[in-house]
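What follows is chain A paired twice: with chain B in the first complex and chain C in the second.
Now for the complex of A and B:
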């Protein structure tokens, strides 16, 4: 039921998520942050059951940091995306089974190039310019395809995200009031609630 | 999961010509009926004279390609020479059979040029190699492409004709298959060069 969606612009990446945690018919929380900060220039929005989301998120974050400490080098976006993919891919044929969560990994490299990657629980990986996970796919892909153009500015990107949120609030059966939006630029990560 | 091979969709085709080979693939990556992206690469250059096309489950395409890259890089480092296409074709078969009881959900096609002679091999997901025919197909649109290939193909075509024929076969096949399409990419390998061309198919 989580909605995670994102957009890559000329020099930034936006990932947005809904803030709700639900148990059956009860909404427990509306302000849950499902977008994990991997480091100052990378964010990973994860959709899935709470436990899987948290545990896989921690696993990715800590292993990502471990590689940095071991090798002394920061991984760029492409390396990180392939690394997260390999964690998913190793799990699918393991004793405990796949990590039951999907994700959108976005960020900006040190040279200023933004990228956004779509990852699913099996270990599928695709570099995308706009996309969504979960039910949001059905509502937002058309809208994102229509509104997207190359080299968007940050303001235009935020406008598109606002339109996406409005669309979900109008048409999606599950009422999602608050959305957490994170933008990565060369300067760092900005977060706000919409 | 009804049809794990049909989950992500995609089609590939390989053809032999006179001292050249061609591979073509569509560009769609989807999740059952939903299309995620339309620029998904399914043909990989393993070595200057070997191409590997993979169709099937996206995650296993990534994993299997990485495995084959690793094998060929280690081979180059250990033996200090390039791998022959026939050797690579055998390697793919044994790598697939190693996972006999937990297979990779991919159907590969290997194409290469060994001393100018074209090599083409296709496999099922557990490594049964078939290298007897002049053209091979794989993926969800495979059966549609077979028909088009059978009609257009003739032996010993030159690179230009081969590019035309394989392109047309791919486009005809993918236009009929719901899970393949959104463009096609054709690779033609001769002794001198590898040319890559992007084609338009029906945009659905």
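Now for the complex of A and C:
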């Protein structure tokens, strides 16, 4: 039931997530941050049931750091996206089965180019400019397609995200009150709740 | 690691690194070997699996406030409609700075929290400093992820104090670990949440927090048939934990609270006339 959605602009990437964790009829937590910070210029929003989201997120984060320590170099966005995809793919026919979570990986490379990648639990990978995971797809893709234009500014991007949140709160059956939004620009990552 | 050969004197040589020690990828923590898996598959919702048909009849709650963390639990254990005990201890004292609450299978909670206590002590001896609450709860999460499809039933909270302050984590048998300020677990949790969410303020004093914990558990035990017995209250602060109340009977609380409102507590508030 998680909503993860994101947008790529001219020089930034935004990924937003809802903050709620539910267990049968209860909302146990409303302020859970489902967007992982891989390093100062990469974020990975993960949607899935609690344990898978948590454990796969940790796996990606630690292996990403391990590669940096071993090779001495930071991976760029494309390399990271392919790396995460290979982690998903390796698990598909493993003993424990696929990692039951989907993700949106976004960030800005050192030369300032932003990119956003859509990843799913079977190892699909697609570079996109706007997208969502989960039920949010049904409500937001139309709106994102309608509002998107090339080379968006950061302020325009935030306005679109606000419209997306309003749409989810209006039409989605499940009440999602708090959203956590993270924006990556060349200067770094900004996070805030809406 | 320095290897001394006592039969000869010479420069000490360091431990030879073998190729197989090289870490290629970090993997998910490996679970202890699961020798016995439950025969009938994972637990189903309505107790389809007879071996793991644990009842989750309980109410436990914990919340963070300015003076630390308050934990309050009930003490009833039921097997179907039979009350097996009204005096269960659902707060498990892991060590002098960590507490765990029990919901779900009592055996699972008691065993794995004791295992955690062992691990914490070993870490403290090996490393000279206490394990943080975050690390202790993460260790437990790793175990539960490994046993995910084996039918364990645990919904516990780990609360404790370390050098960074007092922290509260919720961990369940699916392997989910959440850090938070207010949690309530068990069949009576929804009733307790109602009272908790209404009166909770971070700036509460210790007395107000204890009162809130007791009231929330009382209301849950009043409406939930699987919760009852006595209320036990613990307070975690920077010097460890204190047992504030060892057992206040919820039946006494019922009449006390009713009296505070000017009522008698016989359940006849609607003044139903029979004819």
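Worth pointing out:
Heads up, the rule we're going with is that the second predicted complex is superposed on the first by the 194 of 194 C-alpha atoms of A that agree within 3 Å, B and C clash if a C-alpha of one lies under 4 Å from a C-alpha of the other, contacts with A are read in each partner's own complex, and residues count from 1 in each chain.
Here, a contact is a pair of C-beta atoms (placed from the backbone, for glycine too) under 8 Å apart; a residue touches a chain by one contact, two chains touch by 3 or more.
Values in this document were obtained by computation on a predicted structure and should not be read as measured data.
After superposition on chain A, the partners chain B and chain C are accommodated together without colliding. Judged by the touch definition given at the top, the superposed model places A:194 against neither chain B nor chain C.
In the superposed model, A:1 lies in contact with neither chain B nor chain C. Look at A:50: by the touch rule set out above, it reaches chain C but stays clear of chain B. Judged by the touch definition given at the top, the superposed model places A:89 against chain B, while chain C stays out of reach. Superposition on the shared chain A places chain B and chain C such that, viewed from the Cα centre of chain A, they span 130 degrees in steps of 10.
When the two structures are aligned on the shared chain, A:63 is found in touch with chain C, with no touch to chain B. In the superposed model, A:22 makes contact with neither chain B nor chain C. Judged by the touch definition given at the top, the superposed model places A:32 against chain C, while chain B stays out of reach.
Closest contact between chain B and chain C, by C-alpha atoms in the overlaid model: 19 Å. Listing the residues of chain B that touch chain A in their complex gives 8, 29, 31, 34, 36-37, 40, 57-59, 62-63, 102.
Those residues of chain C that touch chain A in the complex are listed here as 23, 25-28, 141, 144-145, 148, 170, 172, 174-178, 180, 183, 189-190, 193. By the touch rule above, chain A contacts chain C in their complex via residues 21, 23, 25-26, 28-29, 31-32, 49-52, 54-55, 59, 62-63, 66. Chain A makes touch with chain B in their complex at residues 85, 88-89, 92-93, 118, 120, 122-126, 128, 131, 137-138, 141.
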